[in-house]
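Listed next: structures, encoded as structure tokens.
One chain, subunit A, links the two complexes that follow: it is found with subunit B in the first and with subunit C in the second.
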Partner chain A sequence: MELSQTNLYTLCSILLFAIGLLGFLLNSDFIRKLLGLNVIGIAIFMLLLAAAHTYPDAIDPIPHAMVLTGIIVAAAGTALGLNLASKIAKFARLVQKEEAATQAESAYEKSSNDTQGRG
Partner chain B sequence: MIKFLANNSHVIEKALIIILVTLFSAFFIFAIFNQAPHSNELQVLTLTQLDKTGVTNIVTAVLLNYRAYDTFIEFAVFLVVAIAVLPYIIDTPVLTFTLQEESQVLLIAKIFIPLTIIMAGYLLWIGSTKPGGAFQASALLAGCLVLLSLANVQVINFTQLRYRLLMSSGLIAFIAVILLLYLQSHSFLTFPVELAGASILVIEFFATFAIALILFLCFESINKGHA
Partner chain C sequence: MKRVAMILKVEVNLINNFITIFSIPTLMILPMVIAIICFVAGNTRLSRLISVISSITLVVICALQAGYVLQQAAPIELIIGGWQPPLGIRLSINEFSAIMLLMTSTIGLAITFYSTQYFDDDEKEIRFWPLWWFLITALNGVFISSDIFNTYIMLELLGLSAVSLIAIQGTQQALQASFQYLLVGLFGSLMYLLGVAIIYRTYGVLDNQLVANLVESNTSMQLALALITLGMMMKCALFPLHFWLPSAHSNASAPVSAMLSALVVKAAFFILFTFWFKILAPVVTFTAVTIMGIFGAMAVIYGSYRAFTSPRLKQLIAYSTVAQIGYLFLAFPLMFTTPDLARTAVIYFIVAHGCAKAAMFLAAGVIQKAMGHDQLSQLQGIASQLPISIFVFAVTSASLIGLPPSGGFIAKWLLLNNAVEAQQWWWVLTLFIGGLLASAYLFRVLNLAFTTPTQENSLTVLAISESKLLGAVGLSIITIIIGLNAMWLTNLITGSY
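This part shows the complex of A and B:
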């Protein structure tokens, strides 16, 4: 196996795929997961572009067309994912606030009922 | 032993994931480099049939003639994304069209936006013969809109009907062209040779604005929708 440009591209795309997969699996943060998914997508585009180069002076147009549409779909999907993530963050903040309010309320009730013991 | 496993479950999980991903990528590399180089039958077909497509750029021919079905469904996917993202922007108050003080972004926008619009038109026009087309042009137009949005210039109010129509115009134009050609030739999604170039240009023209608007809507929903 000689290290031609196509092979280098293929190798790099697989490494990028592994990096993206690790980023997706090892992080629990939504935004980091989304970034990992994006890196995976870019790795797949790169793999397709490398596969499109078949022999010198010839390029398979079908993977190119797929990548062209895929990039924009990936961008739209990322936007949707980010929107959902921020909605989840907003909701989590709301739940936290409510929990804090109920805790404060119960603490206040306890202290008003029983001045000696505090929970 | 069980206690040790329970205490270090996070570390063990991560180590397992790393080992599995490494194994997977090693297998992937092995599989791809042991694969025979793929045959060029499809490529030869695309090249020999090119004079029937109405365009001379192979990628455009693949996108809008050979695999027009894919592109058609992709436009539908865009519209679905726009509909899914639209609720996030509706609640935000709409600013009136006011030029703020001369920020640097606005100065850059004033210089670059006319040039970029001309470039987008050029890219759209050149798509039939050279690399270019609706997607590249729409990315440039969306960039213009993002620049304007960063300069605090509110150009587009997504609640108005005309912008929503423009957003769906790509799909509508595609459906209209398909229906007209179906009435003429009674075959689904096949362009007659003499009309192929014109119909592809019509689809690409409307798709450019639709995709640019949808991309900008995606940006705005993240940028303004959660401020």
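This part shows the complex of A and C:
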């Protein structure tokens, strides 16, 4: 198989897909997972763009329309995901703060008990 | 006399014209316009009013369409803007999608009516209505689209609005569940898109019919089918990819859970079914359908077992959805040998389960509201406090277990008959075990509901009106009616192939 432009693009898209898939599956971090999904999306768009170059002197416009629509969908999905992630992080921070507050309280009570005991 | 006949004829013509030309765009445009109005107005009263009115309109339109398609045995088609495929997009309604649309609008009406009285919080309700109507737009879109890329767009719209609907609940569990659902949904639809990209690369067309005409069994089509199957399996929560469903469906508010369990997972199943047995039919092998059947059987047993052990009512119902989705996949191996019978069984099962599950979630919502929680251990004696909710729960339980004369009984009987006809009797075992387990976990709830509470843990139940369950009562009556009129319905469905 000769290395034409279409084949090069296809190869790149397979590589990108693998990177994105690993990123999505191996990370537990919310934002990294979303980024992994975005990379997978870009890999698929690349595959579609490679498919546009089927005739030697003309370019198929349909894959371009598909990629444009796909980009919009990916942007919407990412926006929603980031919004949810920030809300969840806010909850997590609240819980942390409460824990820290209760810990500080118990430590304070302990120390005041100690001083009373000594007195 | 002659004049009356003429007027009648003119009216029939008018209705036929309406159905064939205007009804398809209405299905998409009406819910979308309502969504935008609800979003812009931001007024709960106005939203409720127009939502109920347009739900009723949609039911009427869908009923007319279903009648037309099933009588004429011909699909309704619309080619957008007159651009013929392969360049343009074709929308079509065949007998399967007509029934799905009718079910969507009917369940949608019941849930819309319920939601007008469900929310205590105005802010939540203002967010609910636009997303609700976008969800219905997307569902209609999935069922009428006849173009594999257009289906992808509708699928994404469906996923995003479903995720947002879970997230408006606002609790930490709901947010986490919706984030997980978003990841699963995006990953699933990207896998679908990759499958579409491979199909387009190979054949250069996107229209369902054109792809179906060109397809041959080769490696790239097998890969495409595998990717699409993986994506849709994730979206319809088939075992072993069901991990997101119980938390997502049990943490959402009651109307949302009802819609998700009854229809959203079925939309993914609808796409999967269309791909396996219509678009990429030459690729499907006996081994592949058997594997799907085994997944289905495992889903039935695992889902029922988890439902039996779950401590919360809504979680129990969510696991029961995992189990019931399994039954649908039992029909896959049967599709290979006796396609017509299996198709009827699948359609029937989807309708029976959809109505029953929606009504059950709505009843569970009332119980949860009245109790303030849905811990099963404290449900003792709830039947005397909330008689209508428990009535709905009991009737829908009968349908889910498959007791006659409910729709669920007929659906299971069709599958059973079919398995024997196709000489694959071993699937019957799964049907029996699943039925037994379903009766075990559902009678567990009913048993508790009818016990008299002991003095120590007497019930503290909020006085709550059950009038919002009108739609749910309607749905549970439908599950009985489709059981009683089974012959007529199955003949109608089978006759339209």
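FYI, the second predicted complex is superposed on the first by the 101 of 119 C-alpha atoms of A that agree within 3 Å, B and C clash if a C-alpha of one lies under 4 Å from a C-alpha of the other, contacts with A are read in each partner's own complex, and residues count from 1 in each chain.
The definition used in the following text is that a residue touches a chain if its C-beta (ideal position, glycine included) is under 8 Å from a C-beta of that chain, and two chains touch if they have at least 3 such contacts.
Keep in mind it's a predicted model, so treat the numbers as computed, not measured.
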Using the superposition on chain A described above, determine whether A:Ala75 touches subunit B (first), subunit C (second), both, or neither.
first
If we overlay the two complexes on their shared chain A, which of subunit B and subunit C does A:Asn7 touch? Say first, second, both or neither.
first
Looking at the overlay, does A:Ile88 come into contact with subunit B only (first), subunit C only (second), both, or neither?
second
Should A:Leu35 be classified as contacting the first partner (subunit B), the second (subunit C), both, or neither?
neither
Considering only touches as defined above, state whether A:Ala58 meets subunit B (first), subunit C (second), both or neither.
first
Scan A:Ile44 for contacts with subunit B and subunit C and give back first, second, both or neither.
second
Using the superposition described at the top, list the residues of subunit A that contact subunit B and also contact subunit C.
17, 51, 54, 60, 62, 69, 73, 76-77, 80, 87
For a test of understanding, state which residues of subunit B touch subunit A in their complex under the given definition.
14, 17-18, 21-22, 24-25, 28-29, 32-33, 37-38, 40, 42-43, 46, 58-59, 61-63, 67, 70-71, 74, 77-78, 81, 84-85, 88, 133, 135, 138-139, 211, 214-215, 218-219, 221-222, 225-226
Would you pull the subunit C residues touching subunit A in the complex into a rising list?
87, 149, 153, 156, 159-160, 163-164, 167, 172, 175-176, 178-179, 182-183, 186-187, 190, 193-194, 197-198, 200-201, 204, 206
Help me check something: in the complex, which residues belonging to subunit A touch subunit C?
17, 24, 30, 33-34, 37, 40-41, 44, 47-48, 50-51, 54, 60, 62-63, 66, 69-70, 73, 76-77, 80-81, 84-85, 87-88, 91
Residue numbers of subunit A touching subunit B in their complex, please.
1, 7, 10-11, 14-15, 17-18, 21-22, 25-26, 51, 54-55, 58, 60-62, 64-65, 68-69, 71-73, 75-77, 79-80, 82-83, 86-87, 90
